[in-house]
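Take a look at the structures listed below.
Shared between the two complexes below is chain A, which has chain B as its partner in the first and chain C in the second.
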Partner chain A sequence: MLGFLTARQAGLDDPLRLRRAESTRRVLSLKLNPDRDVDRVHGNGINTIDIETIEGRYMLSGGADGVIVIYDLENYSRKLQYSCKALCTVGRSNRHVHKFSVETVQWYPYDTGMFVSSSFDKTMKVWDTDTLKPADVFEFEGNVYSHHLSPIARKHSLIAVGTTNPKIQLCDLKSGSRIHVLQGHRAEVLSVRWSPRYEHILATASADSKVKVWDVRRASGSLFTLDQHNGEKSKASSETVNTAHNGRVNGLCFTLDGLYLLTTGTDDRMRLWNSASGENTLVNYGKVCNESRKKLQFSVSRGCSPEFVFVPCGSSVAVYALHTGELVTMLRGHYNNVDCCEFHPDYQELYSGGKDSNILAWVPVLRTPDIEEESNHENKGAAGLSAVNPAFQDAWSSDED
Partner chain B sequence: MELPQREQLQQLVEELTTSGQPQLDQDKIRELKSICRVSNDCIDQVYHLLMTQLDQDHAEIRLSAFQIVTELFSRSHHFRTLLVDNFQEFLELTLETDAEQPLPPPKDVARKLRSQAIQAVQSWHSSYGTAYKKLALGYHFLKQVKKVDFQDAEARTVTERRRQEERDQRLERIYRARVEAAAQEMDESAQDIEAALTEMESCTRLLFPDFGLADFHTASSSSSSSDSGSTEEEEPCCSRTLQESTTGGMQEEEEESLKKDKGGDRLLAARTREDTEADREDKQSKDEGMEHQEEKEKEDDDEREKREVESEEEEPDEDSFIRNSGLISHSYSLDVSLSPVLHVKETEDNEAVVSTMVELHRLLTSKHLPAVQNWVQVFTRSHAEPQLLRRALDLKKSLEAALNKHRDLHIDYKARGRRVMKAASDEEDDDDDDDFDEVPEKEGYEPHIPEHLRAEYGLDPSPSTSAAPDRQRTPPTKRPVAPPLPCSSSSSSSRRLKQLKEEEQDPTSAAATLRLLRQKAQLPPESCCSSSSSGPSSSQSGSEQKSAEAPVVSFGLDLYYWGQERPNAGKIIKSASQHQFWVPAEVEEEVENKDLLEESKSRYISFPGRFVPVSHFCRAPLGNGQLCQRQDRVKCPFHGHIIPRNHEGRPIREEDRQREEQEERKRREQQPDWRDAELMRDIEAATGEDLGSDRVSGKKRKGKKKKYPNLSDLKQSSNTSRSRLEKKVFNKSSMRRVAQVMSKADRRKHDKFSNQFNYALH
Partner chain C sequence: MNRKRALVSDTFNLKKRRNGTEKFGAVSNKDGPADIKSTMEYLMTLFPRKLFNDALPQIVLKHQLYSIHNDKTLVDKEVSKLRESGELLMFQLGFDAEAFGLLFTSDYKAKVLAGEEGKATRAVVEKFLEKVVSSCTDLSFSKDKMLREFLFTDSEITQLVKSGVLTVRDAGSWWLSIPNSGKFTKYFIQGRKAVLGMVKKSKYSEALQADLEERRTTSQVKFPMKYLIHDIVGAELVESIPTTSGTLLRFVDS
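Entry: the complex of A and B
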């Protein structure tokens, strides 16, 4: 750390280098921190969370009971201990509330004054954040599993929507209508994701175990379909031709630069694809437990020198190195299945929501003073140092001698 | 951390967790804690040991491990961090947060573990919740997602009680609704029932005016007393007693016996009419009886008169009595058996009444009685008001009484269908019917054939002899013994008749002999036949005695050609080709067949011998000092060939004795005396060395020593009759045996029928 600082001071290093090193270090020290709490508002499982990219301050969460909550993540209290306040809630008493489980929430990429939520009540609602009233409501024939707004689009304002219908719907925010349909999948579409690099590129994952990449300007069909065997016919049995997984594909995530695409499937695998060519990079992440029948939301770190993937894995969040597939750590804190996790790029924090109706904040724990080792013994001198919290003291009673 | 310390920890944890006690041993836990104090390594070790113990499928082990955990949790920070890091698993193992991993049996211990764990988590949360975030999260998870009630046990019972109360209330509501419905129904249909009952009652009245026992009694007694008062002096004592017995013993008169009486009446009447001194009163009563005959029934008052008809066989003059009747004494006692039940016969007079009765009966049994029973059930179950129940019970009682009465009537129903037909047809049809003779049904087989038609049917003159030609009595010259053949067929045919006639020409045939005998002794053929067939024991005359003793053999070719020389016996004549010009090269016209020749001359007689029951015993000495009581003919399945033995069971013959001693010696050598399983086990227990007692005893030691004797046995609950039976029925060998038998049966069927198209399809 000091080396980096002196090199930076001397102007030897790129500022990015120091930043990368520090953020990597912080990501590696992610812990369930008692200093950071998130208010418990949801009475039911949490399906989705989203942190806005403009300020990095507000977080949306959608629950299985249809409730949407907006949190303030910024700590202005000047204390280490902070609990994220729920700023406003679209509760059950709100007459615009989603009737059933909210599956996806997303901020409008350029303004926090608007966010979009979709739900199993077959609607997608565009909300005005100030009034907490839907500005527009799109209705569909089937349950909506996922929707996504392109984070970089300047030429269009399309929302891609995946429903139980195999056709992907494109809704235009400008006109407030469904303008386009992409046909190609044969089962429900569980996840849709716009490329962060090219504004017209869209990736979709479906229960027919296929992942298709589309250019929305081309109406005739998809650009290509990801093939787990890279087109080698000998390895693929006839059913698995052009499939990305051997089960339902329920998670999609582009890396920050949009060069790679990550997919997860119910075959307990995660795969990394080259998003330009659709080639399977064959990175082995091992077994990634995945039983979800719905969308799985996972995220990739930003600005670290080896990038990391945070993916829900049962009741914990697994952290993998993106390109090597090495399991860095398991973040264990939830008491039930984790459905979503979102990385906060500014502070290298991770927020995860699960079926135990908790949103946990994983905050980097910087190096703690070396008190613990001494305080294990009944040491009078050490007791004074560890007096920060009496609960950390040992309490061996004297009658055991 | 040193190795002995590690081992000591392991042993301590194992002892503590497998003690099976609800509380931990204080000394041991103190020892454990003193070891754990030393370093964090110890804590690590203990933590892993405890987690493995918590994972055991035994609630007692889990409970003890959990108790150790609580002891250490409050002591060591390191232990707390370890445990809280893995708090999900801990909760799963102690609080069954995962529904797919329930706590292991025994149930009561599991419940205790659960409640203790809940309390512990709560107390941990209150004291350490702020410091250990995951602990707080787990607490909230339990509280909000799993809805665990963290109140104390008292509160939980309160909620349970409330739940119970709610259930009771719901039940009560349901019952009340049912009772109301039933009461209403009862109100509605009580009138119907009563109407039906009164109707039934009046029907019974109509059929039997004075039903009811009491009425009957009084009527009969009063009438008999009035009548007997007038006839008392004339009656002989026997008839008086008869009358008394009939009036006393008989409750209700039976119709059939009445008829019998009437038959007697007529006879007596004829006699008494001849009699000049016939009593006037008797006549009167007789007339009454005659009238009664016409009336047939329904007036049970008249039965009494009939009894008097019986009683009027008194005769003043003995001589005339003898002269008239041929009976020596007139003091015969006449017993008339009367079954003490009522019988009502359906006639045209009471037809309407009876049919109403039938309908009423059906209504009562099928509708009202079940309904009433249902009400009674509802009222008793829901503790309804007593008057409702009483009313229902009254209804039920009266219904049952009516039904009983109906049953007592014993109504003989006419066939309903006939009545309909009769109604359709006129009386003239009946006259037409009279023109036809009644002919008994005839349908192919006739069991009885009249005598004069027997020849027509190709039968013997009498049916009993029809089987006779089957039996052959051998001539006395031939002595071979053969069991008498049973008569093979009872029905006769014309063919046999012809055969019989032929046989009569033949002097060797039984028929001829029979004819001879018949002529000679004038005995009916059937008796002779039956005697011969019944065995040699039956004797008739001196000459026949011999023939009776002679065995009976079946008829054969040799007997057919008895005493005849047959030149062409055993020759087979092959017919030459009938063709006009195609003649086979060489055809031996006649072929001599030795076998056939022999067959025509000889007779096979088998000697099966006689069954002799085994009278000897095996008598080999048994272990309990007794002798083997098996009675096998040659070989005892347990002791080999049966040899003569003395009363102690020792073989009598010298070589047998030697052989047995040799065997004994050999067995001893195989398993020396000192290798007694019990003894060896004792030695093993004393010395601690394995001498192989398990091997010697051959079978498993009874009650295999349990690893942890203190834990309650989970398998014990499975020792039910069902499980024991299952063990027997479903064990491998018996399954295999059954399968073998089944497959064998299948194979047999296959062998038999597989190439028969007909069976293969079915």
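Entry: the complex of A and C
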């Protein structure tokens, strides 16, 4: 580490190198921290979380009971021990709350005044954050598994929606119309994702084992379908179709630069694809346990070298190196299945939510500064600087013994 | 100060090394460049040749290599390199979509020709081995490929299927296969089930690998213990956990 700092000081290294080295070091030391937790508001499992991209301060979470909660992740109190407060909730008492479980929530990419949530009650609601009332409601014929707004779109404001219907609907935020439909899948669409590199490219994953990449400006069908054998017909057990997985494909994630796409499927495999050519890069991650019948939300780190993938695997979160496929570590802490995880790029923290209705914050462990013996006695009152959580201080022993 | 450009990932050695190089208990292979060929030769020594009366060439499964080398992607790359150079042949074994068998090409050719001694199909098989196996690295062949590229007639294809070199996949396409491998598949599946059952029946569904290797299998199981253990570890049917008393294998419920 000191080598990197000296090289940066002397100008031998690019400033980005030090930043990447420090980010990687922090991600490699992710642990559960007793000083940081998230307010427990949900009564049932948490299906989805989203951190806004503008400031990285507010987090949305959607639960299996239809409740949506907004948390403040920033720690402005001077204390080390911080619990992310739930600022406001769309609870069961709200008139407009979803009737069944909320499957996807996403902040409007440009400001936190608006967010969109979709649920198994076959609706997608566009909420106004200040009043917590829906500004618009889109109704569908089947359960809505997933929706996504493009994070970089300037020329359009389309929301791609994946439902039990094999056709993908594109809803326009500005006009409220939903006439644009993408046809091609044969079974329910479990996950949709816009590319973070090109605002017109959309990737969709379906229960018919296929992943299709679309350009929404094109009138005819998809650009290409991902093929796990890269055209080598000999390895497939049946000659006819190009499948991305040997089971339902339920998770999609682009890397930050949009050059690679990761997919997970119920055949317990995760694959990395070149998003421009659709070629399987054949990185072997081994068995990535996946039993989810709905979509799986996983995320990729940003600004590290090498990049890491955080995938929920049963009741823990597995961390893999993106391009080599080796398992770096398993983050264990949840009591039940983990459904979603989201990486906070600015602080290299990971938030994961699961069926045990907890959101856990995985924070990089840094070396605590040495507290000198003498000053410790004098500053006993300044509990803020000590690293002891008030819950762990013993209240029964006294110093007089 | 090291002026050479080093990768950021090298600084943070992703393989967490413990303090000191001695490891009591869990002995793992962390060799530098993965020597796949020598690993394969080691695994082939575990294959029981006498069981099949020397009629079968020694078969190793691709996922057995994963149990020895940590980096799966590297193993995959090496295997495809060896396949491209023509030293290795890969076969779809049929009982599992992901189970691929690996053979040395020289072994395969020798055994197949030895098996064809005195049979009428010998000439066709020889022609097949020379033309197809030497040049093409596919796992399966479709009808028009056989007819057009390799100029085999229908009757010749029937003879190849009869001799066991091709197995029917669906109407108009065939898998490349190993003659007399039915016995292998049967004993293999039996052996895998038996070893998995042994692990499952143990207390807490886990057993130390060293302990498992010592156990005697029933007379039904023809394969040596080590071969089957490499198989279940590589196929991730059991979780391999390093402990202070050695590697622990825990049954994975899936």
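One rule holds for everything that comes next: the second predicted complex is superposed on the first by the 365 of 401 C-alpha atoms of A that agree within 3 Å, B and C clash if a C-alpha of one lies under 4 Å from a C-alpha of the other, contacts with A are read in each partner's own complex, and residues count from 1 in each chain.
Operating definition for what follows: a residue touches a chain if its C-beta (ideal position, glycine included) is under 8 Å from a C-beta of that chain, and two chains touch if they have at least 3 such contacts.
Everything numeric here is computed off the predicted structure, so don't read it as measured data.
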For A:187, decide between first (touching chain B), second (touching chain C), both and neither.
-> neither
Considering only touches as defined above, state whether A:306 meets chain B (first), chain C (second), both or neither.
-> second
Would you check which partner chain A:87 touches, where first means chain B only, second means chain C only, and both and neither mean what they say?
-> neither
Of the two partner chains, chain B (first) and chain C (second), which one does A:7 touch, if any: first, second, both, or neither?
-> second
Scan A:153 for contacts with chain B and chain C and give back first, second, both or neither.
-> neither
Does chain B (first) or chain C (second) touch A:336, or do both, or does neither?
-> first
Using the touch definition from the top, say if A:179 reaches chain B (first), chain C (second), both or neither.
-> neither
Of the two partner chains, chain B (first) and chain C (second), which one does A:357 touch, if any: first, second, both, or neither?
-> first
Take the contacts of chain A with chain B and those with chain C, and give the residues found in both.
-> none
Provide the residue numbers of chain A that touch chain B in the complex, in ascending order.
-> 32-34, 40, 43, 315, 332-333, 335-336, 355-358, 360, 372, 375-376, 389, 391-397, 399-401
Residues of chain A touching chain C in their complex?
-> 3-4, 6-7, 12, 17, 20-21, 24-25, 28, 232-235, 237-239, 246, 268, 282-287, 289, 305-306, 321, 324-326, 328
Residues on chain C engaged by chain A in the complex (per definition of touch) | 1-3, 7-9, 11-12, 14, 66, 70-76, 92, 97, 138-142, 170, 173, 236, 254
Using the touch definition up top, name the residues of chain B that touch chain A in the complex.
-> 30, 33-34, 37, 39-40, 74-78, 80, 85-86, 88, 91, 97, 127-128, 130-134, 137-138, 140-141, 144-145
